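I'd like to ask you about the structure that follows.
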Amino acid sequence: MPAHPLRFGLIGTGRIGQVHAASIAADPGAELAWIADVFVEGARTTAARYGGKATDDVNELLVSGAVDALLVASPTPTHTDLISRAVEAGIPVLCEKPIDLDIDRVEELRPRVNASGVAVAIGFNRRFDPAFASVRARVEAGEIGALEQLAIISRDPSAPPADYVGVSGGIFRDMTIHDFDMARFFLPDIVEVTAVGSTLFDAGARTHGDFDTATTVLRSSTGATVSITNSRHSAVGYDQRLEAFGARGMLQVANAGTSLVSFSGASIVEARPPYQDFFLERYAEAYAAELREFIKLARGEASTSPSFDDGRAALILADAAQRSATEHIVVAVDLA
Amino acid sequence: MPAHPLRFGLIGTGRIGQVHAASIAADPGAELAWIADVFVEGARTTAARYGGKATDDVNELLVSGAVDALLVASPTPTHTDLISRAVEAGIPVLCEKPIDLDIDRVEELRPRVNASGVAVAIGFNRRFDPAFASVRARVEAGEIGALEQLAIISRDPSAPPADYVGVSGGIFRDMTIHDFDMARFFLPDIVEVTAVGSTLFDAGARTHGDFDTATTVLRSSTGATVSITNSRHSAVGYDQRLEAFGARGMLQVANAGTSLVSFSGASIVEARPPYQDFFLERYAEAYAAELREFIKLARGEASTSPSFDDGRAALILADAAQRSATEHIVVAVDLA
Amino acid sequence: MPAHPLRFGLIGTGRIGQVHAASIAADPGAELAWIADVFVEGARTTAARYGGKATDDVNELLVSGAVDALLVASPTPTHTDLISRAVEAGIPVLCEKPIDLDIDRVEELRPRVNASGVAVAIGFNRRFDPAFASVRARVEAGEIGALEQLAIISRDPSAPPADYVGVSGGIFRDMTIHDFDMARFFLPDIVEVTAVGSTLFDAGARTHGDFDTATTVLRSSTGATVSITNSRHSAVGYDQRLEAFGARGMLQVANAGTSLVSFSGASIVEARPPYQDFFLERYAEAYAAELREFIKLARGEASTSPSFDDGRAALILADAAQRSATEHIVVAVDLA
Amino acid sequence: MPAHPLRFGLIGTGRIGQVHAASIAADPGAELAWIADVFVEGARTTAARYGGKATDDVNELLVSGAVDALLVASPTPTHTDLISRAVEAGIPVLCEKPIDLDIDRVEELRPRVNASGVAVAIGFNRRFDPAFASVRARVEAGEIGALEQLAIISRDPSAPPADYVGVSGGIFRDMTIHDFDMARFFLPDIVEVTAVGSTLFDAGARTHGDFDTATTVLRSSTGATVSITNSRHSAVGYDQRLEAFGARGMLQVANAGTSLVSFSGASIVEARPPYQDFFLERYAEAYAAELREFIKLARGEASTSPSFDDGRAALILADAAQRSATEHIVVAVDLA
């Protein structure tokens, strides 16, 4: 155990900010030192609950000298600026995904981040889910031989508000981006993207020219492929499955149930209650593990956290998918 | 392949008789030579479909000289006499269970059967079910270490007609008798029987002083135990499960589904259609395998068919269970 | 029951020919009248087992006047000619898939078939599988609301011999063609095809410039999409799954197991034996049901058999997939 | 939310004491005020972690005037005395099971408890497990019709130390007692007990004349029955299952897995990692819910906590089972 807990500055106190605040407060190796939110009430409420000082001014936090690590959970448009300032200040930062919706801003920031030597992690929390992490470890250990096909099914319980859809960057940059990172968790070197999108049910998507349904196929440099199946709604609850198919077998991640109980009667048997409702519940362990890993990273210990370049790669794939689905073409990508 | 097919004499052309007639006709090593039924029309219809001569007189069949093996599927009260005559005639016989409802008649017949050297097999077909047979083979192979607890769940879809209940000998001699034999398939040397019976729903059982619900616990000489759970009805369909629990793991037999399809919706997930309806469907493979094994036995080749003594042991256990449930006592048994 | 059984002429006595011969012989509404094979020994052996006259000359069969229906199970290059002659002779024909590997020959034959009024069915047997047929019926009945995404997983246990790969027409025309028809069973009006192919493990595929691994995405005119996942090998056995995802739920077809037994021990729990090995076992019921439906069709009764146009559509999709995978483009198709 | 948190006095800081201390500390409606343990270091360490004052003298705690509710997690022989003193002091008490190993002491205490009007709850935490509680609620709601057969499987991962076995009161009073209470959660009015015990593998049990394997059958006054299957070891992990079988269907509680991942390969398919290891993990939610319910009870709000009489009934059943298994008799009981 290190001499003192890692003092966190948290920026943004929305839904995800709350998750991280709770994780920081619960982790014996960390504490919440400063909390910033332009809606200062959010910062104050969070500080009252989990500790730390509240401010509406990020600067105050950055110059306080009392922050060892930054956790960025503010809206996407603020991310690159905050990463930039964290890097300048030499403060390790864990930034929620996506880095930005505009790849140009990401590319512009990239050399500075990579030259800085400051740890920058991107919040692809699913890499830390015990099930996905276990499958990857077993694949790496050779349990199913060479990985040939990866299938990711990712469906949200219901579509987001129409307003949100309008600023989300579209389904690929907003939702599939998690799956792009998951694909690269197993097969980092993707070289080709094909995506098919449809707008079948969501009025918000229709209004904003977005898709609510998408299937994406990625090809890696080795020829191994990934299929990603997305929908913005799912009657059965949060649908998060994965199948890694290899030369010697396969590993599958099932949906997370909410009960050990099943019912059998005259017309159906072994019926179970619906799956867990959404990501805060499904990925609760993943968020906590993500923070633990980032703490190690910030302390200079070995870490497996997704990097700035991983965040950039996911965005490149999202852009390529958007273009593929819109223009009905296959898009080659270079993630180097 | 032997020079000529085994010529079967079939006695009784009811539901089970039909199953055996079809198995004999379909088996390249067997043929249906004679069919006897006191309702001669049943014999004639069966002969027309599967071959063989029809008669209402069992004697004609026994003295024909054209019968190499006997299959007894007539009502229970005829069994001991037919076994006796088959043994006298030196004709191997496969007789449906139970041998009789009266243990005295079984004991009286026993020395003659065992002295005769004629093969007598009792129709405990479940030993030939691929699932149960596989579990037993794996237990024998040591896959779960020493067998400590065996659990059998056996529930019929619905209660038999009240008239039948009246002549059935009671739930233990009529229904549980299959489970007693299955128990002895794994743990032959049972020394103690405790049974708890209830009459909860079946008017026929109430009328005839029978139980419709029963739980029986058997103890073997090694201390390993068996629990048998019975009901005369089951809303979910034919409920036939088994669990062999040993020092190093367990083997479980699930119910047989009727479809590979499952449904998931807003209130339930992974719901499947009901189980197979009843024994003719569930044990179709077992009946065919039972016949194949008996053919080997009749030809003098190695065989695993349940013997006359197995039939006697099951009846002794049924009598003990009946006594235990009626008198509320634990009953010691000696199957030697 | 009609006055007399439908007299079948069977052409081709290979693996599939044998399946059909057995189905015809077992169906009380049909009989095997003539069997033709250029390897006349195959015809003779089949006739000896299932009845009928044997010949090496298809002509003899066609002019016999003793054939009410034709079953074409000979090699693919003979199909169009035999369909043509059957149509000319006014004999209903069930022809194995594919109609041909060359769409031009199919298009050339098409007007004659459709003008003839003679029943021509193509052997997409999977439509008759109880599980797939049940899912489609339930989708049609609205159980899951509007169908939005269909996922088909179809992996063979092992790659075919290299020689066969060379003449197979490639994975899309040879293997995926079943899945294209299954896709159209649910969503007939496909308008766009994207396929990604890889050659990862099979030397035969490498030699002949074929893929051994493929993912195909189809878009229907309604925007509903289909993903098809193929591999020429599968360590777990024949992998045949389907998922129909709709606005109100989903229906899933699981793989067919070989046993009701599961094992639980110190390191794994609920482990079951491998899946059924291959299509003759997995689709045995489908082949029988296919024949029953074709018999109805040949008798002029209502039928749901896949038509010549269904066979043509599947080939168009296969051609489009081949082009998409080879040229890395998205291909628009018009199945009208 | 009440004006102030309920101030708890905790007695005993062993394994279960720690669970309760954590639950009290985490519950916003409660706080840890005093902690007593004869090993005062345990009390001090617990106080340092969760708050409260530490003492080795229970008296100090009881007369402090700062304790609104008592949680008794000290060794079984201390239970009746502590309950007695809590009742005298008018302090609601949640006491770990069993009340005592000697029914005479329980009977002696009973009139005082029931006359006092002070809330006394016994720690049968499994009633609060979400799965078991859900099954009971659904049974009560009539979802499976009349409850006819209840099956409880309860196997510990491994046998306790031999020393513990010697003072445990035997398998029925120590382990099955939880299952007796679960049985009565569904069917309170048990009238007959039959138990079969064996000593198959555990040297500690052999030394102390205890059983390591047991099957118990209970009959309720309605004729509905309960079977309880126990073992002191289980290679597959903590085995905790329940099946409620009724006239219209059944509800089943499966074992709790540790992962959503399954493996399929050439020799096995759908194999999952072992079950949760033991009760602290399996029943974590149950312990927390138990405390929440007790807080309501202590505050005089409605409660479903198991009562002193439930604790007495479980012990009577345990005594009856012990006698049944030892003397090989069926034992009638009267829980009134």
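For clarity, chains are labelled A, B, C and D in written order, and residue numbers in each chain start from 1.
Everything that follows uses one rule, which is that a residue touches a chain if its C-beta (ideal position, glycine included) is under 8 Å from a C-beta of that chain, and two chains touch if they have at least 3 such contacts.
Everything quoted here is computed from the prediction, not taken from an experiment.
**Q** Where centres are the averaged C-alpha coordinates, which chain has the largest centre distance to chain C?
**A** Chain D.
**Q** Out of A-B and A-C, which chain pair has the most contact pairs?
**A** When A-C is set beside A-B, the one with more contacts is A-C.
**Q** I need the rotation angle between the copies chain A and chain D from a CA superposition, between 0 and 180°, in steps of 5.
**A** The C-alpha superposition of chain A onto chain D needs 180 degrees.
**Q** Could you state the distance in Å from the CA-based centre of chain A to that of chain C?
**A** Going by mean C-alpha positions, chain A sits 42 Å from chain C.
**Q** In whole angstrom, how far does the Cα centroid of chain A sit from the Cα centroid of chain B?
**A** Taking the mean C-alpha position of each chain, the two centres sit 59 Å apart.
**Q** For chain B, give me the residues that contact two or more of the other chains.
**A** 144, 235-236, 248-250, 255, 263-266, 270 - these are the residues of chain B that touch more than one other chain.
**Q** For chain A, which residues count as touching chain B in their complex?
**A** 235-237, 255, 257, 263-275
**Q** Along chain D, where are the residues that touch chain A in the complex?
**A** 130-131, 134-135, 138, 143-144, 248-256, 259-266, 270
**Q** Report the residues of chain A in contact with chain C in the complex, numbered from low to high.
**A** Spelled out, the residues of chain A in touch with chain C are 144-146, 148-149, 151, 153, 155, 192, 194, 196, 198-201, 213, 215, 217, 219, 222-225, 227, 229, 231, 233, 235-236, 245-250, 324, 328-330, 332.
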